[in-house]
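Each in structure tokens, the structures are laid out below.
Next come two complexes, and both contain subunit A; in the first it sits with subunit B, in the second with subunit C.
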Partner chain A sequence: MRMQTTGGKTRRQLYEDRLRRRSLLIAGGSTALVILAIFILVPMAPGWEKVQKSFFNKEVFLKTFPKLLDAFLLDVAIFAWCAPLIAILGLAVALMRDVRAPALFPLRIFGALYTDIFRGVPVVLTVYLIGFGIPGLGLPRPWNSPYIWGSLALILTYSAYVAEIFRSGITSVHQSQRAAAQSLGLAERDVMLFVVLPQAIRRVVPAQMNMLIALQKDVALLSFIGPVEIFRQAGVFKSLLANFTPYVGAAVIFLCVTIPATRYADYLMNKQNRERS
Partner chain B sequence: MKTLILTTGLALALSATSAFAAGHCAADKTLTDGKITFATGNPAYYPWVMDDAPESGKGFEAAVAYAVAEEMGFAADDVVWVRSSFDEAIQPGVKNFDLNMQQYSITPERDEVVDFSSPYYAAPMAVLAGPNVIETAPTLEALKALKWGAVGTTTAVTVLTDAVQPTSDLLLYGDNADVNAAIQANQIDAALYDLPTALYLSAVVIEGSKVIGQFDASASGDGDEFGMLMEDGNPLKTCVDEALAALTESGKLGAIEAEWLQQTTGVPLVK
Partner chain C sequence: MPKLSLRDVVKRFGDNTVCDGINLDVNAGEMVCLIGASGAGKSTLLRCINLLEPVEDGEIFLDGADVSIPGLDPEPVRRRIGMVFQSYNLFPHMTAVENVLLAPRRNHKKSRAELMPEVTALFARFGLAEHMGKYPDQLSGGQQQRVAIVRALAMRPEVMLFDEITSALDPQLVGDVLDALRALKADGMTMILATHEMGFAREAADKVCFLKDGRILEEGKPEEIFERPQNEDTQQFLARALK
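Take a look at the complex of A and B:
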């Protein structure tokens, strides 16, 4: 039998509704206060007009934005051909570090050295060294293109990080699973291919999403060796117009890509956590 | 002997009107009355002063000095030369020269401690060609086909995109060293610099490169401008500015520039 209900709700539920409403109100109120403070107090600062003129100049923004979008296509292209190669090389290095046959020990050493070196050296140095250094050896055109060698620098650096993430995924698959698979008669290769890797890769997808987002931003480092991508284009506009708004425009474009990507990575991570618990 | 005196007399008579008016302006304002003292570097370099001998009037800055002195009413014999180091001259304080010419770029910071005349030279943009393309003709048509690079923060970018309009994509860099590395790696054929920088880089830094052409200075807009340096508050400034304005108007300054910075350096104007 039901007692003291209103609209089909128990007293407990009513109390919880009230509580929820109250915290919503408080959250909304404090957010509104912060936004108000930003939008009212900041423009009251004495230097605001100057800052607005040089960082948030509407005219400059509208004038430069289309060209920045054009330049951003180059970033997207570099990203698009680098990402798959990074995944492949990263996985290969991770597997190298996991070989167990004694005869293949040199491979393990190579894998360890590779990750140590390319994770330790600043990306900019790698980009310079490979982007100017290798073409400087006397390669003919178009094989000395900064696009090719700059991309290779990014691929080498990022695959070192990605390899470590893959390796963490591989080691997270419990040893008992390998033993079980082997006892079923699977060859060493098949154990890796059909038992370990599918689980390992699935586990590290959220972490790899973060690498993708980082790569998306580091593509801009290629501008050091010539390509006029969005960061360089914004720099050119900055010197030309003596105004920093183009950088804000570039940031807006980057955010349009990285925010959804980050949210997606979060979603994947949460989903995985729910599945595990 | 007689003809010499006669021609000198004639020249004096011809320049008398302007010399008198301008000479009046500079009177009592120079270090030594009746003489004007110019300073140059020690040593002074080609193509600004030839053979480190400014007294010969050869070289761009030496020639400009004599032209300005003449415009202000000083005979060539009344021009005295002294030497000064570059840094010493930009320091505030009393000077041992009236005017100093050593390719001083006019900057607002320097202008606070010393005075500059109006510019006597605006450094034009020049084409620094890598070893493989030094035979390229100095025409816009031929330059279009080159693979171009430049420093992304300079006005060279505007000249390239507006005037040259190269057929392949521009490559832009952060500073001179990166552009030079790209030329040496044969990733770009040519780069655009201001003429003095281009001359220096081709002579000293990039082996086998050559400055193959220069653009009309008026095309580059706000390039480097060289001014004559003088002590802060020097009353001579108005006279010098007037003299330079007169030389510009008569085309004499342009002729001196063509003689010493285009013919002597062998860097033709891009057409």
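Take a look at the complex of A and C:
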């Protein structure tokens, strides 16, 4: 016999409703408590007045923010020309590491060395070494531009990581897919191009999104070798106004871009996990 | 001359000998069924015939020509031998019709328009006309397996290999796939099946081979093997398989 229900709900549903209400209440309460504590306790700290004046100064913020946004366009531009080159070079290096022909063995070694070196050196160092080193050869304009060589440093570093992600995607495609493609008489190149790569690339999209987000932030490293992008611009304002608020403004601008991007990457990742399970 | 001949074919994985000197002749238009317990070497033998696995020793002749010469380019041979797998192995990022078109387009450099009449007819013939534009995950197991058969047929192979193609299917879907095999046999296709479908082997095969430990212990017409098995291992296997 069916259990008597209230409001058309089963015992189980009523129980789960109760649980849900309770956990909602607790979560809300604890969050409110934490926020309250921050707003009451932080201003009670001895140095708060000073910190507020030098980091969260409203006038400075409003005055510098539009200029920071302008400078950020340069970050966006550097990002925009680096990203596609990184994707192309990364894919090329990933494929290089799997070539089997003996004549192409040097290519394979090069691929392995490449990923080892550029993943092993801190990005700042690569930016310095290439950004100062190559123009130091006394190249004529425009070939001594820090934009070119700074971008190259980012491209080299990031494509090494991106290559490894592509490679993990390639190896994650099941052997039986290769076997099916080979059994149809497809040439090795066609097996890779039409069967393995399309599946591999789809699988690593979320991971590559994360690399894009990291790249967006690391563009600021180019400020060390010259280009007046947002980080450098904030530094200029800091010296000019003797106030750190421009750095907070720069951070806000970065977050406006990276948070939605991170959320989107997470969404893709979750969607893919759901599809695979 | 047989369409396909195996002479003393040996395949090892490390110390494990999976095919231990296999001899087999398959005439044009014949259907040969390989039976035997899992691990007897049926699947590996099929993979060797399609050159997915290099043989250690022995020869494989297709129309009298040795295709197992080490270093021989495998692709032209594979184009003449179609293969269908237990787990379908359709390409999940392509629709059914794209799965089928890929190999003839790339291998024969034919255009989609040139191929479509033949491919459409193949889909219709195997009861898949309304599924051409669907992705593999929108199809049932039986439909996927028939698409896999169509995909292999689109290369117009001379020999077809079937590796336990009904083993992953729900019982009510097996019938459609077996009907597809009957239709191919009626066309005169040369076929080798590794199978656990004893009823089908008995009804449709021209020759049945019993494998154990990488050897063919007994071969003959289905009625001989199923009704009067001579070998003790065959008797034991059939007693268990037909229970």
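Rule of thumb we're sticking to: the second predicted complex is superposed on the first by the 269 of 277 C-alpha atoms of A that agree within 3 Å, B and C clash if a C-alpha of one lies under 4 Å from a C-alpha of the other, contacts with A are read in each partner's own complex, and residues count from 1 in each chain.
As a working rule, a residue touches a chain if its C-beta (ideal position, glycine included) is under 8 Å from a C-beta of that chain, and two chains touch if they have at least 3 such contacts.
Small disclaimer: the values here were computed from a predicted structure and weren't measured.
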Partner chain(s) touched by A:Pro135 [first = subunit B, second = subunit C, both, neither]: first
Subunit B versus subunit C as contact partner of A:Ala179, first or second or both or neither: second
First, second, both or neither for A:Arg202, with subunit B first and subunit C second: second
Contacts of A:Ser223 with subunit B and subunit C, given as first, second, both or neither: first
First (subunit B), second (subunit C), both or neither touched by A:Phe194: second
Subunit C to subunit A touching residues, read off their complex: 47, 50, 52, 74-83, 85, 87, 89-93, 102-103, 106-107, 148, 151-152, 155
Of all residues in subunit A, those that touch subunit B in their complex: 132, 135-136, 138-139, 141, 144-146, 223-228, 232, 235-236, 238-240
In the complex, subunit A residues that touch subunit C: 176-177, 179-187, 190, 194-195, 198-199, 202
Residues of subunit B that touch subunit A when the two form their complex: 149, 152-154, 157-158, 169-174, 178, 181-182, 184-188
